[in-house]
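Everything on this sheet refers to the single structure shown next.
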Amino acid sequence: MSELNPSNTALFTVNNIWMLVSTILVFIMHLGFASLEVGLTRAKNTVNILFKNVSIISIGIITYTLCGFNLMYPGDFIFGNFFGFGGWGISQPDGAAGLIDYQNGSYTYFTDFIFQAMFAATAATIVSGAVAERIKLSGFLLFSLIYVAFIYPIAGSWKWGGGWLDQMGFYDFAGSTLVHSVGGWAALSGAYILGPRIGKYSKKGIIPIMGHSMPLASIGVFLLWFGWYGFNGGSVLSADPGPVSFVFVTTTLAAASGVLGAMTLSWSFSKKPDLSMVLNGSLAGLVGITAGADVISPLNAIIVGYIAGLLVVSSVLFFDRLRIDDPVGAISVHLTCGIWGTLAVGIFSSEHSFLTQFIGVLSYGLFCFITSFLLFTMVDKLLGLRVSEEEELIGLDLGEHDMEAYSGFQIFNVE
Amino acid sequence: MSELNPSNTALFTVNNIWMLVSTILVFIMHLGFASLEVGLTRAKNTVNILFKNVSIISIGIITYTLCGFNLMYPGDFIFGNFFGFGGWGISQPDGAAGLIDYQNGSYTYFTDFIFQAMFAATAATIVSGAVAERIKLSGFLLFSLIYVAFIYPIAGSWKWGGGWLDQMGFYDFAGSTLVHSVGGWAALSGAYILGPRIGKYSKKGIIPIMGHSMPLASIGVFLLWFGWYGFNGGSVLSADPGPVSFVFVTTTLAAASGVLGAMTLSWSFSKKPDLSMVLNGSLAGLVGITAGADVISPLNAIIVGYIAGLLVVSSVLFFDRLRIDDPVGAISVHLTCGIWGTLAVGIFSSEHSFLTQFIGVLSYGLFCFITSFLLFTMVDKLLGLRVSEEEELIGLDLGEHDMEAYSGFQIFNVE
Amino acid sequence: MSELNPSNTALFTVNNIWMLVSTILVFIMHLGFASLEVGLTRAKNTVNILFKNVSIISIGIITYTLCGFNLMYPGDFIFGNFFGFGGWGISQPDGAAGLIDYQNGSYTYFTDFIFQAMFAATAATIVSGAVAERIKLSGFLLFSLIYVAFIYPIAGSWKWGGGWLDQMGFYDFAGSTLVHSVGGWAALSGAYILGPRIGKYSKKGIIPIMGHSMPLASIGVFLLWFGWYGFNGGSVLSADPGPVSFVFVTTTLAAASGVLGAMTLSWSFSKKPDLSMVLNGSLAGLVGITAGADVISPLNAIIVGYIAGLLVVSSVLFFDRLRIDDPVGAISVHLTCGIWGTLAVGIFSSEHSFLTQFIGVLSYGLFCFITSFLLFTMVDKLLGLRVSEEEELIGLDLGEHDMEAYSGFQIFNVE
């Protein structure tokens, strides 16, 4: 870039490097998701969950390379701003060494691609938690492949690709809807179709099935919170000091007050301070602020996070009443609080319309719930979706992988 | 910032983004503290410790927003450079879009706030380790709330807020005293008031109570070391290449030689290579270099770290002799080595006076020990400070939370 | 740096800060290695492995400070571009505040040193995995000290220090050979000299010895992948947007396709999806792309990674056939795929000669295998290399450290 003047070069370089740092922060969220899901489920399904998580990110990245990126950012749309496709594979455009928007100090084509690629697999990972401990590995991998390769990027193109919702003024800064709800709707349809784990709901009521490692669950939450600074902070799409520092503040405050919201409600309700609720509270706050992290004031971010903390606790109880079994609370965290966060933009930011936000939520809901429902049904016919009762009881680690996660440890088989 | 010339903009942007990266490195230290404390204590108190750690950071951030930041950086002092208050809440000052010191290439108001906010909760987290396995949850949370909201920032204002010790020439680069000793003194008073865990000291002498997960303890130490690059590196308050790279070198060398110091002393003393001593050795080195990371030469950093490694081993034995029970060695790491590091500035840097450093150490010691002692005593009257004997024996996880950390695992109840 | 014009200052600052961020990403790889090695071995050797890993990085950093850095980057060579030494210790050169290559926007002397120092200990850490569960602590530490202080930097000087292989046109971008194979050859000679663990190979054939914590193994792999963005991304030696973002893309794609390569081969071979193979697959892809991450196209990176994934599975089976017992697969990941990656540069990059790459591989192989073989033999005479049969059976944690990793847990002693 020697032909450019050095001051623009420096600004471009710092913007670009912040996007790359954000990329790896989003990457480490996948370890966060894996740890959280493992920690909140039983020891006998650990290998299976880890296998799913390592596979999903790999499949997600490769499919996003092959077609996802160009479905999400198609350039021109084909069918009325609902669908477009920029061609197979990735290849750096000509001119200015493949740099995008050099004049305004932005980032390279490859930075753009890799930052987006890290987001892609997140949606499938969210689903993973809700269908854990009973879904067939092959069925889940096939579902994820198709959902991440096609549904996620097409849905994403409606807003981030410049499609119809973007043109209508719908706002979703970093993906309360485009990432979290898109994953959350599929989590809901998956959990519904699969049905609950054996023994979860009996005539005597709801039987809690405890996770086997609270340290792993907590490591997961801290890593997710950590990575969220790249998820939200990187969504500024530059290192511009004002907005990035603003987003850091709102993100932090929402996470912290999400903890307090979940703590006060669950503590007053159950008389015991419940760790898993508090952990989900921080994630609830984070999902809640994601849509409006750059437009909601710090004080309001505290309110948005606190309400998200209240909502996640209520939502967990609500879905348990409906007998929709979600082992890690993924639906409550990502769908319920994803909706809340998207609507909160319409409430707390004067620049955005509540009605448009609501239309966006509804549109994504219809599209994602229906497509994921059909997809799960199709996979069920093709490969089968649920493991046998016998396999569920001995655990998927022995059933699917012929391997134990904790060789040598004395572990009771909790059914 | 389009009205500014691009070269200053670029420099400001990189300085600001480094402060934000440092912020999240300090954030992940909280996971480090949590993992370390969990790993070095018994399985039956794991949920409790995790709950405390997730709560502390959330309470710390919210209270720092409401009043802590403006107590620590009050602008004008009210009582002779001992106390000041800049008002409730945070709000970006007018002018230059809330940027601070734009001409010299620094960072925004919100960056300033969020970097400091991440530090705030650290002090309370340090206390957590020393009082673990026997303190009541509600009592601990109340103590932490008040200590972090008022004592920590007021003490901090004396130096970093431009108060009386700053004007006297006292030096503490990144907080050997202002963070680590401030936490350490409260850890000491808390451990003293609570008394030892049941069974730790008997007529037969000291009965070691082993931690239940050395991998978690090690993960904690590696994450703390990792995050310390933001703690010390961010305390340069810019990305200025000379000082930041210098601080990286001294920090690394002190941590590494802290390991070697603790290894040689404990190995020669006990004839067995002791993992927990070696782990604390690296933290000892890190705490030791924190006060002077920018003014102590690399060679001297090796010496400072090595001595800190020797000190932490000796200090652990010393406090055990005094029958002050500190499950994780927090007092030895943060108080003993915090004092050492602060005095080391007076020894190894010709620009700073040993006497002034000593006065600083003494002043913080008096203020923090007395206030934390009174505060613990007050909380004891109000809510009770120690769990019942019965609860301590079955563990705080079942007693306080009605929950197990490792559901399904066969675990012996170690008293 | 006020005398310099601000635009160059900004560019220098961002380049330098990216190198420092890369440094800490490489640092956290040591936690990755530790977690992976612990997870894939038995619970009874956990304390020992953690102790080794904390010690190695500390010893590595201190010896690199004392002599390693100046052996690897000697300035002038003494014996015909094979060996040089720049003097003991580190000291910032005069002029321009110890900045290197300021005009082109690079980084400081201390940044250069600390980035390289973090690499140094990696080679010994690789060895650690292959000799785990049976090597004496003292013997291993002595071996590591000498290997990291002398062999690694001398070998490194041949290419990165500007030595004979560099002048011949050998290419190794970030260390498929210089780091991974250098560690891998020593891992091979160590595993060979020590012989297999008791019970691994019997008349009935190969008896798999399962690792005790798949979550720890997975945490290790995710952290290694995470840190690799600093390992490869930092090897650009600046934050130059084009090459750094390119390297991020190739690194990510190779890791992801390594997972898919290992998955397809192991699944079709054993009929069960094998988690440990998939985990090693991602590392295989990462090692494979390391030599050519900046010169191999994204599409070819997918191919390189996929082949690495196939190779690692085959290699694990191959070495098991030879009865060379490598508990974590370190030889297959780092040596086999390190060779593959180095040769791949000669295949996929038209600018580099396959023959020269082959000569490089061979030269490093001869030098490192012979020196490590002699060194292990010497240490064996001096201190003994293998623990007693009795100690191996009860585990090195009790044998060497008189300590358990999981106090309170009921664990079967798996021999």
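Remarks
Read from first to last, the chains carry the letters A, B and C; within each, the first residue is number 1.
Throughout what follows, contacts are C-beta pairs under 8 Å (C-beta built on N, C-alpha and C of every residue); 3 or more make two chains touch, one makes a residue touch a chain.
Quantities reported herein were computed from a predicted structural model and do not represent experimental measurements.
Two copies of one chain, chain A and chain B, touch each other, and the residues they use overlap weakly: the shared fraction of interface numbers falls below half. The angle needed to superpose chain B on chain C by their Cα atoms is 120 degrees, rounded to the nearest 5. If each chain is reduced to the centroid of its CA atoms, chain A and chain B end up 32 Å from each other.
Looking at chain C, one finds that residues 6-7, 10-11, 14, 21, 213, 219, 409-410 touch two or more other chains.
On the chain A side of its complex with chain C, the touching residues are 1, 5-7, 9-14, 16-17, 20-21, 23-24, 27-28, 30-31, 34-35, 38, 46-47, 50-51, 53-55, 57-59, 61-62, 65, 89-90, 97-99, 107-111, 113-114, 117, 137, 213, 216, 219, 400-410. Chain A contributes residues 6-8, 10-11, 14-15, 18, 21, 25, 42-44, 105, 210-215, 218-219, 221-223, 225-226, 229, 233, 239-242, 244-246, 248-249, 252-253, 255-257, 259-260, 263, 272-275, 278-279, 282, 298-299, 302, 409-414 to its touches with chain B in the complex.
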